[in-house]
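Before any comments, here is the structure.
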Amino acid sequence: MPSSIEISDLTKRYGQFVSLDNVSLSVSAGEFLTLLGPSGSGKTTLLMSIAGFTRPDAGSIRIDNKEIVALPPHKRNIGMVFQNYALFPHMTVAENVGYPLKLRGVGKAERDQRITAALAAVQMDRFASRNVAQLSGGQRQRVAVARAIVFEPNIILMDEPLSALDKKLREEMQVELKHLQVRLGRTVVYVTHDQKEALTMSDRIAVMRAGKIEQIATPKDIYEAPASKFVADFIGDSDFVPASVVLSTGDHALARNFLQAKLGSLRDPIFVLRPEKIEIDTGADVSHGALRLSGTVQEVLYQGNALVAYIALESGQVIRLQRGTRTSIMESFPQAGSPVRILVHEKDICIVEQEELAR
Amino acid sequence: MPSSIEISDLTKRYGQFVSLDNVSLSVSAGEFLTLLGPSGSGKTTLLMSIAGFTRPDAGSIRIDNKEIVALPPHKRNIGMVFQNYALFPHMTVAENVGYPLKLRGVGKAERDQRITAALAAVQMDRFASRNVAQLSGGQRQRVAVARAIVFEPNIILMDEPLSALDKKLREEMQVELKHLQVRLGRTVVYVTHDQKEALTMSDRIAVMRAGKIEQIATPKDIYEAPASKFVADFIGDSDFVPASVVLSTGDHALARNFLQAKLGSLRDPIFVLRPEKIEIDTGADVSHGALRLSGTVQEVLYQGNALVAYIALESGQVIRLQRGTRTSIMESFPQAGSPVRILVHEKDICIVEQEELAR
Amino acid sequence: MTAGVNSAILASVDASEKRQSHLLLFPAIAVVSLAIAPFLWLGALSFVADGQISLEHYARMLANPSYITTFVTTLQMSAVVTAFVVLLGFPAAYAISLLPHRLATAALTLVAIPFWTSLLVRTYAWMVLLQRNGLINTWAIELGLVERPMRLANSFLGTSIGMIHIMLPLFIFTLYGTVKAIDRTLLRAAANLGASPIRTFMTVFLPLSLPGVVTGAMLTFIICLGFYVTPQLLGGGNVTTIPMRVQQNILIYSDWGAASALGVVLIVIVALVMLTLRAVVGKRG
Amino acid sequence: MTAGVNSAILASVDASEKRQSHLLLFPAIAVVSLAIAPFLWLGALSFVADGQISLEHYARMLANPSYITTFVTTLQMSAVVTAFVVLLGFPAAYAISLLPHRLATAALTLVAIPFWTSLLVRTYAWMVLLQRNGLINTWAIELGLVERPMRLANSFLGTSIGMIHIMLPLFIFTLYGTVKAIDRTLLRAAANLGASPIRTFMTVFLPLSLPGVVTGAMLTFIICLGFYVTPQLLGGGNVTTIPMRVQQNILIYSDWGAASALGVVLIVIVALVMLTLRAVVGKRG
C-alpha cells in the first residue's frame, strides 16, 4: 500500500537563486522522512515539487517507478497537510473531509462512513458538523490530517504541520501523528525547522542546506555523527574546539587509530562537544580512549530540569556542561569560579571540518 | 537607584471575570521578578496595572513608598518593553530612543550622547539612522530595550519581550538581557509564559493562576518544591503518582519523619516525579531514604541530547525517565519491553495535593 | 463588589476619565447629524401638503401610472447595468488578481483614473461614441456589420452602456479586495485533493469570492438608482429615472413636496438594500 | 543553464501553462481598454478642428479669460471644500475610531446611507434647507441672528456647503481605515515614555494618520473637480465649473471639439493628482 519515492537530479532556480541543486533522494515505502533545514535551504521547494506546486527546471520524481515530475498536482493522488491547515472556510468539518471523496465520485453512504472513520482516527468525530471557524488550532490540525488521509493516498506530505501550535500541544501531536503514521503504514515526507520534532518522529532525516542535502541518516546518526559543522550546529547544542587546541593542551588518552580514522581526511578538524556528553573527571574513571581537559567554571545556570556550567578552557574557549538536577548531582556540581577537569569518552566525540557559519 | 514596588490587595474585574483577585506582592530594589502563568492568569493585567494602562478597581501600588495607583501612565517614569516592541514607525532608531529624552527637555547635545550610550549598551549604535522597518526582529527588540532604559527609569517592565524571536536568538537574548539588568542594577518586572526563560533569568518567580499568585519563590524553590500540582505541572515535565499507590506498591524506604512532614497536612497527596530525577536501581545504591518501584519499559524515545523511557509501573501508571545521551548511558539504558526497577531519592521527591487541572 | 483600598479614589479617576472620553463623542455625533439632518428635513417636508400633514404626495405617486413607469424603468435599468457589471467585472477582477504586483497596480490605476473623472465628462465621451454618426456606427457600417446607423444614443441601450462603463471600476475595486484576500493555499489544497483547475474555481474560488460579488453588486445597484446626468444626456428623453422626476418636480412644477416624497422613497430603497447587504454578508463572515 | 533530466518536457509543460495563463490576461486587457477607450477617443477629438489636426480648442481655452475664470473657480471651490472636509472629517474619523465596535459600525452606516444616495436628491435637500425662505434662514431670523434672509443658495457658499456634505462621508471612510489601523500599543508606548495625551496625539497619532488624510484629501479634491449637478443647482448661475462648461459647449454651442479639450484637461489634472498621491503615500509606506 505505501509507495516509494525516487528523486534524482532535481534542480530549481529562481533567477540567480538556486533553490534545489541537483538533489537526489530515495524514500522507501512506509518510511517517515523529515526534511530539516533553515529557511531558504530548499526543503519547502523539494516538498512542493513532490506535491506538484513547484515545477523543477530539471530532474525526475518517480513514485513506485512512475515518472510524475510533469504531472499537474490534482493528478498525483498525494495527501498533504499544509502549514496553516488550508481548511475551506465555507465548508463544515465533514464537508472539508468529504471534499476529496466527492471529487472521486464516492457515493453519499460510503462517503459519510469514510468521513466518520477519518475523523475518528484523529478523535474529531464529535466535531463533524462544526464550522471551521469554531475550531481551535489543534482541532484544525487534526481535521487537516483527516482530510489528507481520508482518500487513502499512498504518500502524505506535511509542511510544518505543528508550527502554529503551542509547546505542550505540539509535543502531544508529535507522538500522535507518529503513531497514526505507523498504524496507517503510509509513506510520509515531513518538513520542519524544529530539530527536536525531527529527531522524535523520523525514521530518517535529510538535513538541507543551500539547495543540497548535507546529510541523510537516522536521527541517531545525524546527532551522534554529524557530517559537518553545519549539521552539528543546526541540530542540538554544540561547542566547537579546534583539534589543534585539544591536542596541544588536552591530556588526550585517545587511541591513535581513533584519531587517524577521524582526522585523516580533514583539512582543519574541530571537535564537536555536546554539553550533555561531557563528564567531570573525578579521577575514578581511568579508562583509555578519553579526552581530558582543564578549565575554570565561569557561571552555573539553573534551568529547572538541567544545570549548565560554562567552563572556560585553558585555551580561552568556553564550553558547556549540562546535567539533570538530581540532588546527588547538584550537591557535587562544580561551583562558579572553581577549577574543573572534564572528561569526554572517545565514542562521545565527533570531529568535523572547520567552516564559517553565517548567522 | 533601583526602586522597590509594594503592591497590596490589587483587584480588577472585567464584568464577571476576575482578572486580579486581591493580589499582594513586594519587589525589592534591583530584583528581577518574573510573572509566569498561562494566558488569562492575570499576569499581564498585573503588569499593565503597574504601568498604568489598566486601572484596578481597588488596591495600592507603591513605588519607594509613594502611592501611584491613580497616577496616569505618563507620570509614572517607568520603562517598558512591549511584546511587539511598539517602535514608532515614523521615526528612525535614534529618534525612537531619543523620544523620551525630548519629552523630558534634554538638550540636543546630551540627548545625542545618551542615545548613543543606550544604543551601545544593546550593540545597536551602528543602526542609529536606520528606519525601524529595515530592522530584523532581534534588532527591534534591542532598540525597544534601549528606548526603555535611555531615560534611566528605576523600574523596567517587560511584557514577553522575546516571544517573537526564534529559539536560538531568544536564548541568546535571555542571557544578554539578564546581564544588562545586573549591570544597570534596575528593578525588572518581567512577564512570560515560557518557563525556561523564567527559570534562567529571574531572581524570583511569581506563578499566577486565575488572578492569584499561586507561589512566589526563587527558580530553584519553584522547580524543586512546587506548592501545588498546578505549579509542578506548569513548570517542567512531571508525572504524578498518588501517594496511596506509591505506599502500597513501592518499596519505600522513606524516612517516617519525611513522610509525616510532607504528607501530614494534605488531604489527597500525590508524588511529583520529574523524568530527570529518576534513577535506574542497579542495586548498587543501598542508601535509605529512597523510593523504589518496579515496572516495564514501554517505549524508548531518542531525542538527540536525551533518551526518554516510558515506564509502566505495576499500578498501570506511566512515568518517564530521562537521561543525557553519553554512550556509557545509552549502552546500559533499558530496552523497550524489559522489566526495570527505578529509584528516587527522598530529596528529589516532592508531594503536592491532588487536584483536577483544566486542559 | 466590595470596596477596597483606594477604591473610592480609583472610581473617581475612572469617572472623570469617562467624562473626558464622552467629550470625544461630540465630533462623531455632530458629523453624523450633519450627514443625516438634510434627509430628515426632506422626510418631514414630504408629509406636508398645503400646510397640513398629509400622505397626499405618496398617494399621488401610487395613483399616477407614469410614476410607476419611472420606478420600473429605474429598477430595471439598475438591474441590467448591475448584471452586466458583474459579468464583465468578475473575470477582470479575477484576472487582475493573478497578475504580478506591478502589473496589477498599473491595471488598477488605469481603471481608477476614469473612475475619479467627472461623471459628466464620461457621459459625454459616450455621447460622442454612440451618436448616429459616432465612431461605433461609422465602424459598424464600414465593416459591413449593419447597413444603417444603429440607434445607440438616446435610448435605454445607450444609457445602460454609459452606466456600465461608469460603474465597472467601482465593482472591480470592491471585488478585487475580496478576491485578492482569498488564501491561495486553499486553491493548492483543492488541487492536492484532486480538483482540476475548473473544479477548484467552481468549488473554492467562486464561493469564497461571493461576498465581494454581492457587496459590489448591491453597491452598483444602489448607485445606479441615483443616476441623473447619464440618463438625462444619453437617454435623450426616452429614459426617465426617479432622480429625473425629482428634478422635474422642482424645476418645472415647483412641487417641493412631491420631490421630497420621491427622494424619501429613493433613500428608503437605498437603506433597505444596504441593510440586506449587511445581513447577507454579515451572516457569512 | 545546463539541460538536465526531463528538462525539455518540463520546459514545454511550463510554456503551455504560460500560454494558458496569458489567456487570462484578456479579460484584464479588455476591461482596462474599455475603461480607457472613450477617453482616448475624446483626446483624439480634442485635437481636431474643422476636420484638421489642430490645437485650436486648447488655444482658445488659454485665450478666453472666461475659461480661465472657470478653471480658477473650479480649483478654488475644490480646495475650499477639501479644506473643510478635512477639518470636519478628521475629528469625526478619530472619534468614531475610539468608539466600541457596535457604535462605530452604526455611526459609519449612518454616514454611509447618504453617501450612496442620489447626488441629485442630496443636492436638492440642500436647496430646500438653504433657500431664502428655507429652514436655516427661518431659524436664523426667528432666533434673531439675522434680520433679513441670508443668501445661502445660488452662491459659491451654498455650492460649497452642499459639496462638503456630499464629500464628507468618503473622506471619513478613507481616513477611518488608516486611523483604525494605527497600532494602539504605540500610543501606550508614548504615554509610558512620558508623553501627555496631547503630546501623544501630536507626535504619534497625527503623523501616523497623515497618509490617510493625504489620500482622503486628494480623492476629495479630484472628485470636486468633476462636480456638475451640485454647482448647477446650488450655484444658481453664479458658479461655473469646468464640467458645466463642457455641458454648455455641447448643448448650447454644439462644439464637441471644445468640450473634448476641456474633458482632456480635467482628466490630465486628475491623473496628475493621482500620480502625486501615489508618489507621496507610496514613499512613506
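Order of writing sets the labels: A, B, C and D. Residues in every chain begin at 1.
Just so we're on the same page, a residue touches a chain if its C-beta (ideal position, glycine included) is under 8 Å from a C-beta of that chain, and two chains touch if they have at least 3 such contacts.
No experiment lies behind these values; they were computed from the predicted model shown.
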Inter-chain pair with the most contacting C-beta pairs: C-D
Centre-to-centre distance between chain D and chain B (centres being mean Cα positions), rounded to whole Å: 55
Distance between chain centroids, defined by C-alpha means - chain C, chain D (Å): 16
Chain contact topology (line, ring, star, complete or other): complete
Chain C residues within the chain B interface of the complex: 1, 3-7, 9-11, 13-14
Footprint of chain D on chain C - complex, ascending: 21, 24-28, 30-32, 34-36, 38-39, 41-42, 45, 88-89, 91-92, 94-96, 98-99, 107, 109-114, 116-122, 124-129, 135, 165, 168-169, 172, 219, 222-223, 225-229, 242-243, 246-247, 250, 256, 259-260, 262-263, 266-267, 270-271, 274, 278
Touch list for chain A against partner chain C, complex: 51-53, 72-74, 76-80, 82, 84, 86-90, 99-100, 103-104, 147, 151
Residue numbers on chain A that touch chain D, as the complex places them: 8-9, 11, 13, 22, 55-60, 67, 69-70
Partner chain A, residues of chain C touching it in the complex: 183, 185-186, 188-197, 199-200, 203-204, 207-208, 284
